[in-house]
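Accompanying notes for the structure given below.
Chains: A, B, C, D and E, in written order; residue numbering restarts at 1 for each.
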Amino acid sequence: MTGSVVLFVVTASALIGIGLWGFLVQAHLLRRVLAFNVVGSGLFLLFGALGWRGGGVDPVPQALVITGIVVALAATAVALWLVGRFAEETGRADLPEDRREDRQEKSSAGGRP
Amino acid sequence: MSAIALPDVLTIVLTGLGLLFFLAGTVGLLRFPDTFSRLHALTKADNVGLGLVALGVALQAETWGQLARIALVWVLALVAAGLVAQLVARAALVDRRLRG
Amino acid sequence: MTVLFDLVLCALMLLAALAAIGGRGLFRATVFFVAYGITVALAWVRLGAIDVALAEAAIGAGLTGLLLLGAVARLRRAGAPEFPVRAGLVPALAAAGVAGATGWVALRVPGAGGLWTEAGEALPLSGVENPVTAVLLNFRAWDTLLESIVLLAALLAVWALAREEEWEAPVGPPLHARPGGVLEGMARLLPPVGIVVGVFLVWAGASQPGGAFQGGTVLAAVGLIAALAGLVALPRPDSGSWRTALAAGPAVFLLVGASGLALGGLLLFPPDWAKAMILTVEVFLTLSIAATLALLVLGPPQPRRMP
Amino acid sequence: MTGWLLFAAAAILLTLGGAFWRVWQGPGEADRMMAAQLVGTGGVGVAMLLAPVISWHALDVAIVLALLAAFAAVGFVKASSPDGAGDPEEAEPSEGEEGQ
Amino acid sequence: MTGEVALAVLLLGPLLAALGCLLAGRQGSTVALLALIAGAAAVVVLWDGMLRTGPIEVRLGGWGAPLGIVLRADGLAVGFLAAAVVVMGAVWAVARHDFATPRARDVFWPSSMLLWGALNAIMVSRDLFNLYVGLELLTLTAVAMVALGRGPGAIEAALRYVLYALMGSLVYLLGVVLVYHGHGTLDLDRIAAGRSGADALALGLMTAGLAIKTALFPFHAWLPPAHAGAPSPASALLSALVPKAGFVMLVRLWFEAMPDATPPAALAVMAALGAGAILHGGLMALRQERLKQILAYSTVAQLGYLFVMFPLVGGAGAGTAGAAEAWAGTQIGAFSHALAKAAVFLCAALWIRAIGSDRLADLAGLARAMPLSCFAFGMAAVSLMGLPPSGGFIAKYLVMRASFELGLPGWGLVLAAGGLLAAAYFYRPLAALFAREPPRVQRTPRLLEAVPLALALAAAALGVLSQPAYDLLQAGAPAYARGIGP
């Protein structure tokens, strides 16, 4: 059974890496929320895979992962509605500091007012 | 033949057929030229595939509870697929007309 | 043969995650994320953690998908531009570093074996047979109580986004559907089935996979389908009955927890009373979770334009 | 038997890979949503095939997946309607702009 | 037993009150007042019980570690519980008049009670995952308050806050997963008893996550816009209390759970980030045009003070009398910052209500119309600068003396530089307030101005009467903080 554990641990770590990369690289806010969810599910998979033995997973990580999934949903809902409201107000879906065309002007202004 | 019990044989045959229908549905999804023919292929093949798999697994079931759940899954999938296909088709039509 | 299945499943998960994050087009990213949620739910089934698979399927594939699709539509209507992924070496190295280090340490460091034995020994005293429910609603009841309140806090944050004058408006967009149409037919057919499944999941949670969160999520989902078809009059944020529903679960949990003080300890469930106390808490908790999740997905109150 | 069921489950997963290709290509949003529907049905099939192998409670997961796979499609259809809250069937394609 | 009842009141009370406020609608503030009175009484009971019998421990559900969750009210926790009640009470007094509209009222009162409840839960929890859920609840309530702000930047500030917070809590959770893998438990004391190869990486990840949540430089970008954008009474809560939760968690992790996984280099890095926060926060505060932005950057700087103690308490200094001084000084500094920062933000709240703006130019000559609150602002500024007689001064003095004793004078000089910068960025608002301009201002009830004054006096009193605070901290302090070798 250890072969499968290694596979799931490696996959979970890779998912965390993909999600983190997506969160750091993306400027589009909805994609960053999506990347957050990928990191979250990868992290929970890692938690489950490490607690995996024979037929099932250690009940404590299972309970914590369920709690984590619900908390992640709550945070995602808040973030997505904020993104929607931000887009309605500014017509943009990225934070000012991530905007490419503002970068030149920002560097000359020397940081945020 | 006695080495494998009859229900197991039937399960293998049914799930194998189901698998083929899933394959057909996917091939249809990939090969067919336009949205509506894909939708047609997908909905038909997929649900028959699922039905066969459900029958195959039902043969392995041990309690009535499990049989009831398998039946519920199939019915739900059938209903949902039918409704969704109709909605997706209509949305595609509206989408085409707006962009058309 | 299990290795073949595991390899294909893991490949699909990675593929879906990469496509969801790397690909162009918001809508495509969202569809890939829904597909990703389904593969992760299957991974949890493969690990034998059915409780978590239920939660992931209901939340990951279900509610999160609806939230994302709604957000994509809203961004498109607000005219927010999309733009390609920016390549970046430093972020890639940082992400690879963290992921690599985590994977390496997770594989190299011998596990301490977790809490299998402790949970097993304490299970008979917990009042339920399903160990996960025992952990959630007895051993670590304080986490679950705080978590149900996190949902309420999130809803308050979402409602705070409404402008001052919008507060009197009903919650969510002005949902409507063609009378007698397919969407309305669906909204009449699925909810009864969903309610049966949801209630079953909650009731069965004591002895088999299921529980308040999974059941509550399914109930929220079918409630939303009815709302999406315009069959349900959406409440206003200041509607007393809905606020009572929101507060009922956490309130009962708090009172039951406080009553433990009289029985000798905070959040104490004496073995012979535990099952009854846990079930009461679960019933009210499910009601509140379903109401809170549904309102979270519907969003802040929005004024109805006069037709 | 478990070997066969796992093989069949792996095969259905591969067909989901095919559906991923349609999601990637598109070209229309309806095509992508259709493929997502296939992924949902395939997921239900895999969950059912795993039931006899891992745990019969996997059928509950299959039920939830079947119930909620339709849910995402409803979300898509609702989101793609002109005002984001309507129903594609309201916008009768033949009568033009009736759907706000 | 009474200790457990008091703790129950402080943990379940605020949550029940939040539900009460949600249902009470217009009477939300009265429900909140009742909860605050009960909470204050509970803190007094805890403080007294703590001094007599030492830390109060509660095994939730009777299970105890490793399966159940253990709560412990030690000196540090009771200190922050007390600071939280005082600040919440003051914010209640000022906020009663501010949140009149149904939207603001129905969101602020439940959220503030939840924020208070989450803070209390974090201060006494001994379980890593329980701390995560508490921190998430704290963050979501804080985001709700920032989103309540009416200014143009409020939505953007809340969005940036949520994004930083989301990733911070996940990075922290990744560390928790590795700890559970290595130790098989989530309880701080059982983790301290064991060793695991994953400790270094786990502590690094948890620290990074908490540094983001505590807005420690260079992860502070989200704090200034959020604290400046939120309504002023909410800003007082955000600046005075919220980042302290992440700080206390870091202290427990570094010095109580994993003292051996913290090499001197890592301790120095934490202090260096603290120094960076002090300098960056101070310099940025000098360049702001609006009072609330100055105060927000002042928070970034003041949070930097708290991390200077790391190389003094751990590493070479571990177990010496100097370490105990540095630890006690830092905690007293955290308490006095909570009181003083709440005072200045509440002053800002009163002034914005009176003249509608917090631009320095508009504040000119306000002292002649509202002398009480301007004097309170001055008193609080004295504490934030670390001048005698104030809690801030005692804190700075103890940490500087410890740094010289332990042969690491550099960190002491950093604190001195911080004090100078604080004096510089507080000079501009003070000069404006006490300028000769004839102000035209709408009357503000004297009683309201007494609230920030009370807080400022409390911050000053912490300097004069630092002995009770010192005794409280020592009473429940773990070994490293009592000058006893680990």
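Throughout what follows, a residue touches a chain if its C-beta (ideal position, glycine included) is under 8 Å from a C-beta of that chain, and two chains touch if they have at least 3 such contacts.
None of these values were measured; they are calculated from a predicted model.
S.K.: Give the chain pair, either A-C or B-C, that is connected by more C-beta contacts.
M.R.: By the number of C-beta pairs in contact, the winner is A-C.
S.K.: Using mean Cα positions as chain centres, tell me which chain lies farthest from chain C.
M.R.: The chain farthest from chain C, judged by C-alpha centres, is E.
S.K.: Could you put a whole-Å number on the gap between the CA centroids of chain C and chain E?
M.R.: Spacing between the chain centres: roughly 31 Å.
S.K.: Between chain C and chain D, what's the gap in Å when you average each chain's C-alpha atoms?
M.R.: Each chain reduced to its C-alpha mean, chain C and chain D end up 19 Å apart.
S.K.: How many angstrom between the C-alpha centroids of chain E and chain B?
M.R.: Going by mean C-alpha positions, chain B sits 57 Å from chain E.
S.K.: Quick one: chain A and chain E, Cα centre-to-centre, how many Å?
M.R.: Centre-to-centre distance between chain A and chain E: 27 Å.
S.K.: Multi-chain contacts only, two chains or more: what residues does chain D have there?
M.R.: 19, 29, 33, 35, 54-55, 60, 63, 67, 69-70, 74, 76-77, 80, 89
S.K.: Using the touch definition from the top, which residues of chain A touch two or more other chains?
M.R.: Touching at least two other chains: 16, 33, 46, 50-51, 55-56, 60-61, 64, 67, 71, 74-75, 78, 82-83, 85.
S.K.: I need the residues of chain B touching at least two other chains; which ones are they?
M.R.: 72, 76, 80, 83, 87, 90, in rising order.
S.K.: Can you tell me which positions in chain A touch chain E when the two form their complex?
M.R.: The contact residues of chain A facing chain E are 16, 23, 29, 32-33, 36, 39-40, 43, 46-47, 50-51, 60-61, 64, 67-68, 71, 74-75, 78-79, 82-83, 85-86, 89-90, 95-97, 111.
S.K.: Spell out the part of chain C that touches chain D in their complex, as residue ranges.
M.R.: 1-2, 4-5, 8-9, 11-12, 15-16, 19, 23, 25, 27-28, 31-32, 34-35, 38-39, 41-42, 45-46, 48, 50, 53-54, 57-58, 61-62, 65-66, 69-70, 72-74, 77, 173-178, 181-184, 186, 190, 193-194, 197, 201, 208-210, 214, 218, 221-222, 224-225, 228-229
S.K.: So in the complex, the part of chain E that touches chain C is made up of which residues?
M.R.: 4-5, 7-8, 11-12, 15-16, 18-19, 22-23, 25, 58-63, 66-69, 101-103, 106-107, 110-111, 114, 117-118, 121, 129-130, 133-134, 136-137, 140-141, 143-145, 147-148, 155, 158, 171, 174, 178, 180-185, 194, 196-198, 201, 205
S.K.: Mind pulling up the chain B residues that touch chain D in the complex?
M.R.: Touching chain D from chain B are residues 8, 11-12, 15-16, 18-19, 22-23, 25-27, 29-30, 35, 38-39, 42, 46-47, 49-50, 53-54, 57, 60-63, 66, 69-70, 72-73, 76-77, 80-81, 83-85, 87-98.
S.K.: Note which residues of chain C are touching chain B in the complex, please.
M.R.: Interface residues on chain C, with respect to chain B: 182-183, 185-186, 189-190, 193.
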